[in-house]
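Per-chain residue numbering starts at 1, and chain names A, B, C, D, E and F are given in the order in which the chains are listed.
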Amino acid sequence: MSKIVTFGEVLMRLSTPGFSRFEQARQLDVTYAGGEANVASALAYWGHHTAHVTRFPDSPIGRSAAQYLHFHGVDISNIIYGGPRMAVYFLETGAALRASQIVYDRVNSSLATIDPSELNWDEILKDADWFHWAGITPALSQGAADACLAGIEAARRKGITVSGDIFYRANLWKYGKKPSDVLPALTAGTDIVIANRENISEIFGIEGKDFVESCVNLKAAFPQVSRVIDTKRTSISATHNLLRAYLWNGESVLETADIDINPIVDRVGGGDAFIAGLIHGLITFNDEQKALEFGVAASALKHTIEGDALISTIAEVEAIRQGETSGRIRR
Amino acid sequence: MSKIVTFGEVLMRLSTPGFSRFEQARQLDVTYAGGEANVASALAYWGHHTAHVTRFPDSPIGRSAAQYLHFHGVDISNIIYGGPRMAVYFLETGAALRASQIVYDRVNSSLATIDPSELNWDEILKDADWFHWAGITPALSQGAADACLAGIEAARRKGITVSGDIFYRANLWKYGKKPSDVLPALTAGTDIVIANRENISEIFGIEGKDFVESCVNLKAAFPQVSRVIDTKRTSISATHNLLRAYLWNGESVLETADIDINPIVDRVGGGDAFIAGLIHGLITFNDEQKALEFGVAASALKHTIEGDALISTIAEVEAIRQGETSGRIRR
Amino acid sequence: MSKIVTFGEVLMRLSTPGFSRFEQARQLDVTYAGGEANVASALAYWGHHTAHVTRFPDSPIGRSAAQYLHFHGVDISNIIYGGPRMAVYFLETGAALRASQIVYDRVNSSLATIDPSELNWDEILKDADWFHWAGITPALSQGAADACLAGIEAARRKGITVSGDIFYRANLWKYGKKPSDVLPALTAGTDIVIANRENISEIFGIEGKDFVESCVNLKAAFPQVSRVIDTKRTSISATHNLLRAYLWNGESVLETADIDINPIVDRVGGGDAFIAGLIHGLITFNDEQKALEFGVAASALKHTIEGDALISTIAEVEAIRQGETSGRIRR
Amino acid sequence: MSKIVTFGEVLMRLSTPGFSRFEQARQLDVTYAGGEANVASALAYWGHHTAHVTRFPDSPIGRSAAQYLHFHGVDISNIIYGGPRMAVYFLETGAALRASQIVYDRVNSSLATIDPSELNWDEILKDADWFHWAGITPALSQGAADACLAGIEAARRKGITVSGDIFYRANLWKYGKKPSDVLPALTAGTDIVIANRENISEIFGIEGKDFVESCVNLKAAFPQVSRVIDTKRTSISATHNLLRAYLWNGESVLETADIDINPIVDRVGGGDAFIAGLIHGLITFNDEQKALEFGVAASALKHTIEGDALISTIAEVEAIRQGETSGRIRR
Amino acid sequence: MSKIVTFGEVLMRLSTPGFSRFEQARQLDVTYAGGEANVASALAYWGHHTAHVTRFPDSPIGRSAAQYLHFHGVDISNIIYGGPRMAVYFLETGAALRASQIVYDRVNSSLATIDPSELNWDEILKDADWFHWAGITPALSQGAADACLAGIEAARRKGITVSGDIFYRANLWKYGKKPSDVLPALTAGTDIVIANRENISEIFGIEGKDFVESCVNLKAAFPQVSRVIDTKRTSISATHNLLRAYLWNGESVLETADIDINPIVDRVGGGDAFIAGLIHGLITFNDEQKALEFGVAASALKHTIEGDALISTIAEVEAIRQGETSGRIRR
Amino acid sequence: MSKIVTFGEVLMRLSTPGFSRFEQARQLDVTYAGGEANVASALAYWGHHTAHVTRFPDSPIGRSAAQYLHFHGVDISNIIYGGPRMAVYFLETGAALRASQIVYDRVNSSLATIDPSELNWDEILKDADWFHWAGITPALSQGAADACLAGIEAARRKGITVSGDIFYRANLWKYGKKPSDVLPALTAGTDIVIANRENISEIFGIEGKDFVESCVNLKAAFPQVSRVIDTKRTSISATHNLLRAYLWNGESVLETADIDINPIVDRVGGGDAFIAGLIHGLITFNDEQKALEFGVAASALKHTIEGDALISTIAEVEAIRQGETSGRIRR
């Protein structure tokens, strides 16, 4: 198995039990999660050595967060401690025609207040095979953006594969920079980009008449990019979705069939499980189509599991990839 | 926003957790609810000043009930205390082909034993814009029926709009009167009647070849009635329903499309949320069709929320009214 | 009502709450269940005198198990105490495309270590009308197989109807015997066999071009067999199944329509509820078709109830049998 | 072991979890309990055949109550069904200097509305060795009082030992009779009376300068009375009590040492566990002192157990009686 | 009853259930609380009109907080909405020799970022009898300090009694001001000061050889101050404390006896309940000694109640004040 | 910090919530624990590299157990998978005079069925500073005893300190060997023995007039033994204990004062926390008295924490060692 290093904010996730609204909840379920850490957790269950890099407050809350990642099998030895506070997100799970709601409280978090020199990337990435980052990190603060860039550059120097989930969330980016100021440098060092046409247009101003043309034009601007991956979610209701994915590999676009998920138990983290499955597939299989399908199967399975993290065996994901979705009891 | 006064029994609701049967439950979820109070709660969340009128035992249980209505934003200053006991209902939530069950225990409740003189309606209705009652109240006892009539008459005197949910439940009415003895006087003072053809026939002996004709004949008997509203529920299973509604305004019948609700989280209070939405719409919009649709959207949304009360913003209901039912996460 | 005696292992059932995975659970829901005991529990709710025969450790855990059966109305006066341990099974409930998982821990259980002489079947079956066994019991150990055979022979001597759920689970049978060594003698004393073509082939080496021919050939080998019953489950997902059943009565095959179950609350025990319904129907109705339908309705209803045991009234099952599956609230 | 028949109201007990106040509770723990039924439950755990007689509504709630008694091992075959409603009591558990609160809602219960002819005492008491009643039953209604008297008289005719917990609760007795109107006839048929000086004075107008003289004078008035038993509770706080008891046997007063209980887990039912222990002791031991101590030990143990019912083995109570109160782990 | 206005930050309180450590908790209990709001809640239960002034984020979390105060009966019409986030505190409850831990996360809260002009104190204090503030508010930010001073000055202009809980928490005060820069102006407008010798020395540099002399010297500096109140807690363990209080009224020091609290259910908010009881007493009784005792009784009672808020009746507190601390059940 | 390797069985711990009896529990709290693993967990929280060696079934249950140890920070890379089943223990927590009960179900566990050749001790103990075993392991089976001996011998060869908790539990040892057959060889390789006079007498037949003489005589027989440690628990009730400890170092006996623990939250694992504290102290401090006190403080703290494992910081234990047991809130 491989060593994969991920970098990004981990938040305390506080979710209302069952389908309770925020107003009703007198208990909140607490876990710790973040897009990149979710990727690490899923991969750890499949036997990879995954190490997550982040910054937590030096408090019982910060230590609880680290311990929670360790519970999922993630190497926490590169987590650093300091800064004012834990980022938090509040989740209310919807049902049927009622949408889920997420309220973020990440301002001034320990990661946002990082000084990039606190991370020694050459040490962190020793023996690593893969480095994964996402577009939320550079949106947090200049320090977080700089730390992310330093990680990508170190990976580049060591010849480690770099994947980036480029994902444009307009209501972040409050520190004075725009995505178009920051993301090009990060993307320039990235091999595998998770993005759709809209992202490519909005962030880089790169257009295309369809996904392929956008990818071709993206590669023209960023020659290191070898693959672009996109997922498509059809939302019938808050508890019933269909999922599929596309992979452009420089030559053609591969595509999967839809997987039908009904009912959804917990939709959050579905995209991260897709990336984990894709990384596992690209590392393990010599078959991009199978890797893409493994990603979608992993994502679909995540939707049936409480919490952000995909807890599964390779065999479970592989069975779904092969179409075993009838849910008969396993004894 | 407007001031709406509602009158009726509030019961302790004791429901089995999840899908447990009564025999299995070792905990019961407890809230406090009643058809008219549910209308008040939903309207309070939308910013209206709503005051509920009822009678509770002077005990920690009665005070807890009042406090619970206050939690929902309802003005509890007109609640009176006295009488022997809190009405209770037990709820077991069904799933798929298993029906939900409700067991009522309302005999001899504090409201049923009310002396109408305990309520000073002229004071209670000061500054009110709307008064809402339902057909269960006069079914409880002579005292409750008399108090309800006094409220309607006071509203009439003040020119306040009166709505009544005329709803025939045969297994109430145990104090020696029949619905046909009591409901005509109450209906005579009512502007907006929620009823279907069967109700109109069974209660008033007024027939019609269709809903419109029943409405026309009802108005002939009760000239104060300006609108008649009916809802239609298609029950595919305990957890999958379709909802629509009709409004006769003296000239024509307006009608909504069906809204599909799957899965239902908690069906109880769905009719009350419809009435709340309708009242809000009639007060706020100058558009009966939109008001009717707002009512159905509010009702549909209620089905996804635990407890009798609709906890929502106007924007959430309006989004559903406009067809946003795909349940995508709101961040 | 009748007296029905059942025999078989009862396990502590430890299930993860909601849809939690084993890794996530910090609480487990605990009940006590087993295929034959589940039949007894369901029949007890319908007013039959049902007595379950098994062996529990003489510990607070064993006593808790007996008490739990008593809670369901089952006569526990024939349970014997001794042996090393309680059998356990762990259940993780799946959703959508994720299958449920069961992990058994029944090795060396108190029933597996029974000495057949500990049971006085002539005393136990006094006044009984029906004796029910299942194929798991003889798979546990020689002692359990011998005890089961002794029960069947005693029932035979007394002219009591015997039903057997012949059910081939390859990963049991670890004490040196094969199903084909043991099950023929048990089947020889059985009137009503629950089995499908595959079971009949695998266990007895009896083939048939279809279900009917397999049944005919089975009866040729085991003349005491008067009826063979089979159920068919169509699994759309872990939470959506269809159910139907077949009954061969020596002359023809009766068949029911599918019942659609969506969502499933708890699928475990669905087969046992079918058998309970069938037994009730065969005892009570003079109509095999109705009995078969009652069995399927009971099974469908079980899928909406938490735990292995069907908790229901006859009226509830009968309503489903008659097609009342719309789930409207009962007040 | 013996057969003991108990008679009295069983209430649904709804208690706030932990130390929550009524206002705070969003769940209530539900069990079913009543003074006399608590005696039956405790004795059933010790191997006696105990049958409780009461009347429940013919509803899922009434059936759940019966099932709950069956769970405790109590014979429920003499329970009758009918009447309007289940009696309920609400419990809020205090701590330290905050007292526990109980709110009763027993008006118009199924037992209060009993017609004494519904019970065939000669049949019910067949093979019984002991009949137990308490002073709350005749306080409920004339029907309940008459049914209780009929039970005592039937027991008298059959030579069955009768015990009565005469206990004066002023806020019951609302049907027009006073304790002094009704209790003398019941006491006249009773062998063993649980009462203190104040009860004897208030109910019968029988005075005495101390407990012994009150007992002597009581026996003068009611010659059937052979023993009078009293308990004394020293309440240091809601969670710290001391318990002792006295037994007058016509000749002298026996007395136990105090047992110290800190912390109390659930104080309700402590008196009933005492009576159960006393009955067990008087039946089983030929030693009144030991029986009295067994009663106090049973009562003390009950204070450490959630719910009204004492769930214990004889060995556990006996160990406490012998002074093993150090609470070392048993493995 | 009186109208009391309180001002200060309200935090989301996230506490581990039972005695769980932060690392163990997978659920957190959630309420909303703050020192001054706790005073308002307690007084609302006693029938006073209490209005709390604070600033919440305009989000479902902010609205949930307001709704929670309304549940406690507090008037929320003066709460303003805006700013980045809800203040949070995390609580882990200790036991025996293990201390409770609190982790604050109040940086950059909606109240800390208030612009004082958002509050119209003349409007807010209309009809008020009492205004209460605490020393934490001016420690948050210049804006919060200025808003607090504006409130005190408005109260002063209107002749409203002002109480201030001057309480020095060194690890706040991060915005560049020291307590000695800010608190003198606030204290100058305050009638009733809650403080001890150490506070008076550390904050104002005013010394005294004992509490009386410190009070005399404080009044010399701040002539408006008419009373100084102090409480003394003896901490035997995390779950066993003793409480008493002192009141200097310009002439002499009144003092209460210790109240013993064992076990403590929830210690947080104990000081606020004392202030609420003191305010109630000073408003209601013409007896400072009784008011002081009522405060200590209220505080002791709070220690037995989950959450920050004292939920009680006046009668309950008065009973404890009179020494009824034996905790006998109230029926 | 040091590397400590521990070896022994880990059991699934299933405990009734709160103070529920086994009969009452419908949920069980689940963690994974074992004496030696508890030592490893406590030490991991203090920053030591701790690795636990055991054998789990290759199932989701076995994987969950390993994951749980990882959650506590324990290195799980030396755990091996195989064998039939997970050992289990059931715990019912007592209160006041009611003792806690433990029911073990460890027969035929994966560790008991180990083949000693599955463990490569030279590899496992690479870089280790300390090896810890306990007397339960050799009691399980010949394979477990042999594996334990192989571990001790490998540690001896490498000059690693060996500690052994010699602890005689008569109801284990069912595989044909007696403690006196097996434990001498294990003790011969052990430096630090946790044992009392009774253990030394029963296991080795070595007597002494007091603890010192027993220790002297033990060392005469086992010259490798350099220290003998004993703890003394005074049990006032199930929820109130006193703890102290003794250490014989070949020259004299050191002794601590009693620490008073009231109330106890969870007593299980208290002895293991003592050993962890002692090991930490002996490794870290150059002061045996302080090490012994640190052990007692760690043990006392454990009694206030749910579950078998001590979750704490060094600072928390050190504070208790220094007498800070008043439990004041830490903010």
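Basically, a residue touches a chain if its C-beta (ideal position, glycine included) is under 8 Å from a C-beta of that chain, and two chains touch if they have at least 3 such contacts.
Predicted model, so just to flag it, every value in this text is computed and none were measured.
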| item | value |
| --- | --- |
| Repeat of interface A-B, chosen from A-F, B-D or B-C - more than half of residue-number contact pairs shared | B-C |
| Copies chain C and chain F touch via same or different residues, half shared test | same |
| Most widely separated chain from chain F, with each centre as the mean of CA atoms | B |
| Chain centre separation (chain E, chain F; CA means) in Å | 46 |
| Between chain C and chain D, centroid-to-centroid distance (C-alpha), Å | 41 |
| Whole-Å gap between the CA centroids of chain C and chain E | 62 |
| Residues within chain C bordering two or more other chains | 21, 23, 26, 67, 101, 263 |
| In the complex with chain C, residue positions of chain F that touch it | 14, 17, 21-23, 25-31, 59-61, 63-64, 67, 84-86, 88, 90, 92, 101, 103, 105, 107-108 |
| Chain D - residues contacting chain C, complex | 67-68, 70-73 |
| Sites on chain F touched by chain E in the complex | 259-265, 300-301, 303-307, 311, 316, 320, 325-331 |
| In the complex, chain A residues that touch chain B | 18-21, 23-24, 94-102, 104, 169, 171, 235-240, 263, 267-268 |
